[in-house]
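Dropping the structures in below, format is structure tokens.
Below, chain A partners chain B and then partners chain C, in two separate complexes.
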Partner chain A sequence: MTTALPQAAPLLAVDGLRKTYGLPGGGRLTAADGITFTVPAGGSLGIVGESGSGKTTVARMLVGLVRPDAGSISVSGRPRAPRTPRGREARLARAREIQMVFQDPYVSLDPRLTARQCLTTALRLHGRATTVADGLLDQVGLGAREAEARPHGLSGGQRQRLAIARALAVDPKVLVLDEAVAALDVSIQAQILQLLSEIRRDTGVALVFVSHDLAVVHHITDEVLVMRRGTVVEQGPTAEVLAGPQDPYTRLLLASVPRAGWDPADAVTARAATA
Partner chain B sequence: MSAPTLDRVGPKTGKDRRPAGVMIADGTLVVVVLAALLAPLLAPYAPDAIDLSASLVGTGPEHLLGTDSSGQDLLSRVLYGARTSLVAPILLLAIAAVLGVTLGTLAAWRGGWVDTVVSRLTDVMYAFPGLLFTVLIIAVFGAGMTTSVLALGLAYTPTVAKYTRSVALSERRKPYIDAYGVQGMGGARICARYLVPNLGRSIIGYLVVLFGEALMSLATLSYLGFGAQPPSSDWGLMVQEGQAAVVQGALLPALVPGFAIALVVVSFNVVGVWAADRLGSRR
Partner chain C sequence: MLLDIENLTLELPGTARPVLNGVSLRVAGGEVVGLVGESGSGKSTTARAALRTLPDRTVASGSVRVDGTDVLALTGDALRRHRARTVAMVHQDPRSALNPVRRIGDFLVERLTGTGLDKKAARTRAVELLDTVGLSDPERRFRQHPHELSGGMLQRVVIAGALAAEPRLLLADEATSALDVTTQAEILALLRTLRADRSLGLLFITHDLQLAAAYCDRVYVMYAGRVVEEQPAGGLFDRPRHPYTKGLLACSPTLGEGRRKILPIPGRPPSLADAFGGCEFADRCPDAEPECSTWRPEPVPLDGEGAATCRRLPALPGAGTERRNDR
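Up next is the complex of A and B:
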């Protein structure tokens, strides 16, 4: 589904992002290096790779939860400061650039707040009318009963809907989803993906979709970036990359997707080819 | 009742069913609190009514629990004593909670040098016996219940700070706290409005466990003459006053308040450990 997007100025531009962590032995682990990409307004980028490939680190750097060692992130041409700014207004303005939906909806929601309180907290913080909460709940398909429920009274899919609504409450330009459907059942995954497509269509928010699941990425993204051991091994329009992978690692990821007539031995052979 | 006090392993024990021992402890505490509240109604005499003609009278219809060497009714004194003995530890723990939770949260949230400073300070305080620290402060500011409560409040602060720091550290790693930061909320607000309230249950459970210890510490200070002063009917002070009577063969003046202390301390520990245990298993 590569609809040829017009050459718009990039909404999100990431250039040469790098993060290393010190290891107990004294060495350094490169979690991410040389990460460069752009996402146009309303665009959708997938970041794929297996566990430990550095995709979550990239997601956390985008929202400022991890401070990059090098590189820059800018939204609408304005560079984001590597540290969270001190002033309230600057902090809120920064939050309105990029929001995030976390991987595990069982721990990403405050257990003490009802769904409505969760949204009104974010709305009030950003000076928006708390009546917007109803619209947001409706937008993500949560009803009146769910609105008054605390997270432990919601199913996994409902919690993730709420987490998406909370991110939208800030009215961000970019939404980063870190394995946002990985913790959910397959049928619920499909609903959430459908919801995200609708939200993207209706609000024009750009998506950065971090996932290990190629089928999911194929469904929801225009461009894809394949990461391995902290570096980008392949990058391009999703359909092209998935149809004709150039890098052996991308081939491995594709060979590892279970499907009709699938033989795990193919994946093992493909892994040997990447070594 | 064959079930041991803290045994909750039995499969038939429902989620909210308390073991028998805990129910007994709960009941005891309710009775003690009621006794303290209703002391003026229940007590047959004023707690400081001296009747030298009835010195060291044993149990009887006039004095259900007997009298001390000044002829003061022990039942009345122990009932009124429940007031100071329960309120003082609450005040003390309130001081320790406000300071300790603030310091512990600050250390966990800021990390780095703030954490180092707070952790070292609490370690130094730890190495110093709390009672000794308290006696030192009392030596400077003079004896009395107010000084004792303030001093012990300070002495208990590091314990609370250390506990808060550990639970706050694990809580702040949860993504919902990250989410508040990503929303653009400031650290102070996240801590005060969302992080600490989510620690509330654990911290209160911990304070309940500390309550028995705090009551003991205060009673000890009063017993040593640093805390409550006569004619107060504080239990620790009563034990001390009753001590002389033991030599004369009258055990009740020391035993009655001693038993009251033991009863409350054990009850609080049973309830506190049970609550902490339940919280622990839920995490």
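Up next is the complex of A and C:
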């Protein structure tokens, strides 16, 4: 078990993040509230929860796709403006802080661009040498044939590799992955998880890994946030939280994961213990 | 035997290999049988064969028997009765199984009147069924529309619909994959109760080997249209024998002591455009020898129960010795 050493200034610091949506009829839905965490450079944080828990809302607030109602996000001590800044340089600098990989790479990639074009476009935009593209393709395990293929000519796993390479092309400090391995076949999922560990080791990029899958989170993260109905019910080092869950809801999630000698009725009993 | 598929081979025009290749599979009454595989392995097609909802121009050889009836030979009324009464299927997405503009009750009553009940009896029975599948306030659910219910509740409604005709065999095709883990556990607990109460045979199709091994009585593992391993579920965790089964277990992240290193299977699952001259798994297999790519795959019985389709089986380590746990 490797635990990241505490550092003076965390790479990513999130404090008191909140997002609510107005409901028809006047009420408000709290999608996320009181979200506070830090991630050190090269660290890995998991956000787990079920559908509707607010984990994706948090991920989208991090990259700036959703504007928070309250709270702050800062990268390397510099606060991120709630709105996208004006001016090309400021926008690009913001993009270089946090990049995102989505669940379905088929809709997040431009269908008209080949894998290499996808990367060179991002590289050129950020003023990096386009020769880096081949190195990036190699890093995520895509070969010469895949470099010239468009997204429809790639398999699901290859598309996800390309989406990761595109995010890395910007040389971001933080990579946010929203259910990035959920749609993949088991054997391909393992390849992508291994790739992410290698990238983290080699580049020192910090990962925020949003997932519903406790086993995957157990495998790839150092720290974990368990979310339910917009709030964090438990947070701490992944190994500790999963080995000795304090909150009844975390216990319910753990009891629901199939394993040798598992009985689904245990999860039903555990649910009775949660409000 | 409730479901007895014997040496079933299905060929479709325009594919390089058979969709199913010599598949033999059995489900007894009151038994939960798991069918595990990655996308394109043929697991859903196997279930469809039991309903005979196969694409046109499919060339089939072998036999599919449900309760002794040869399904592949059924036509017309007999086939319709078979699909409506004997076998029921539950799919992954309950929202696409229900008409969004009709009420939950209409969905059930339509099925029940099809079995010969009159309107009034069907209504009473529908409310009973909603209660059986564990929905609170069944009278109210009966009057609600699909958009008023959550995914887990809708899947319960679909299961109630599947039970309406009192089928002998239930096919669950990734029936819990789209649900949250806690809801999945509840639906699985429900299916287990129904199986026990009605001595229902259940074919449980999933991509999740851990889930199948934990939940089912017996598990078949499929790869590229072929059953590569069949074992009592308990044995799969401790003694997986086929290199593909071992690979699946070694590459699935698990909870529990420490952080086990996951070992990915190289390459990708084959598509229907890939043709093979020998063992389909040979080019991804860590134990393959050159002879494997010309070997005609056939199941080799395992000592104890089950079978594995691997040429190297006698040479490969078996019982309990194989747990690649290098942390």
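Here, the second predicted complex is superposed on the first by the 270 of 275 C-alpha atoms of A that agree within 3 Å, B and C clash if a C-alpha of one lies under 4 Å from a C-alpha of the other, contacts with A are read in each partner's own complex, and residues count from 1 in each chain.
Note that in this section contacts are C-beta pairs under 8 Å (C-beta built on N, C-alpha and C of every residue); 3 or more make two chains touch, one makes a residue touch a chain.
Keep in mind that this is a model prediction, so the values were computed, not measured.
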{"item": "Clash or fit (per the criteria above) of chain B with chain C on chain A", "value": "fit"}
{"item": "Per-residue touch tally on chain A - higher for chain B or for chain C", "value": "C"}
{"item": "Angle at chain A between chain B and chain C, C-alpha centres, nearest 10 degrees", "value": "80"}
{"item": "First (chain B), second (chain C), both or neither touched by A:252", "value": "second"}
{"item": "Which of chain B and chain C A:119 touches, first, second, both or neither", "value": "neither"}
{"item": "Which superposed partner A:170 touches (first chain B, second chain C, both, neither)", "value": "first"}
{"item": "Touching partner for A:92 - first (chain B), second (chain C), both, neither", "value": "first"}
{"item": "Partner chain in contact with A:267 - chain B first, chain C second, else both or neither", "value": "second"}
{"item": "Partner chain in contact with A:51 - chain B first, chain C second, else both or neither", "value": "second"}
{"item": "Touching partner for A:216 - first (chain B), second (chain C), both, neither", "value": "second"}
{"item": "Shortest span in Å between Cα atoms of chain B and of chain C, once chain A is used as the common reference", "value": "9"}
{"item": "Chain B - residues contacting chain A, complex", "value": "174-176, 178-186, 194, 197-198"}
{"item": "Residues of chain C touching chain A in the complex", "value": "38-39, 151, 180-186, 188-189, 192, 207-211, 213-215, 237, 247-248, 251-256, 258-259, 262-266, 268-269"}
{"item": "Residue numbers on chain A that touch chain B, as the complex places them", "value": "63-65, 84, 88, 91-96, 99-100, 102-104, 107-112, 122, 125-126, 163, 166, 170"}
{"item": "In the complex with chain C, residue positions of chain A that touch it", "value": "1, 50-51, 155, 157, 185-191, 193-194, 212-216, 218-220, 239, 242, 252-262, 264-268, 271"}
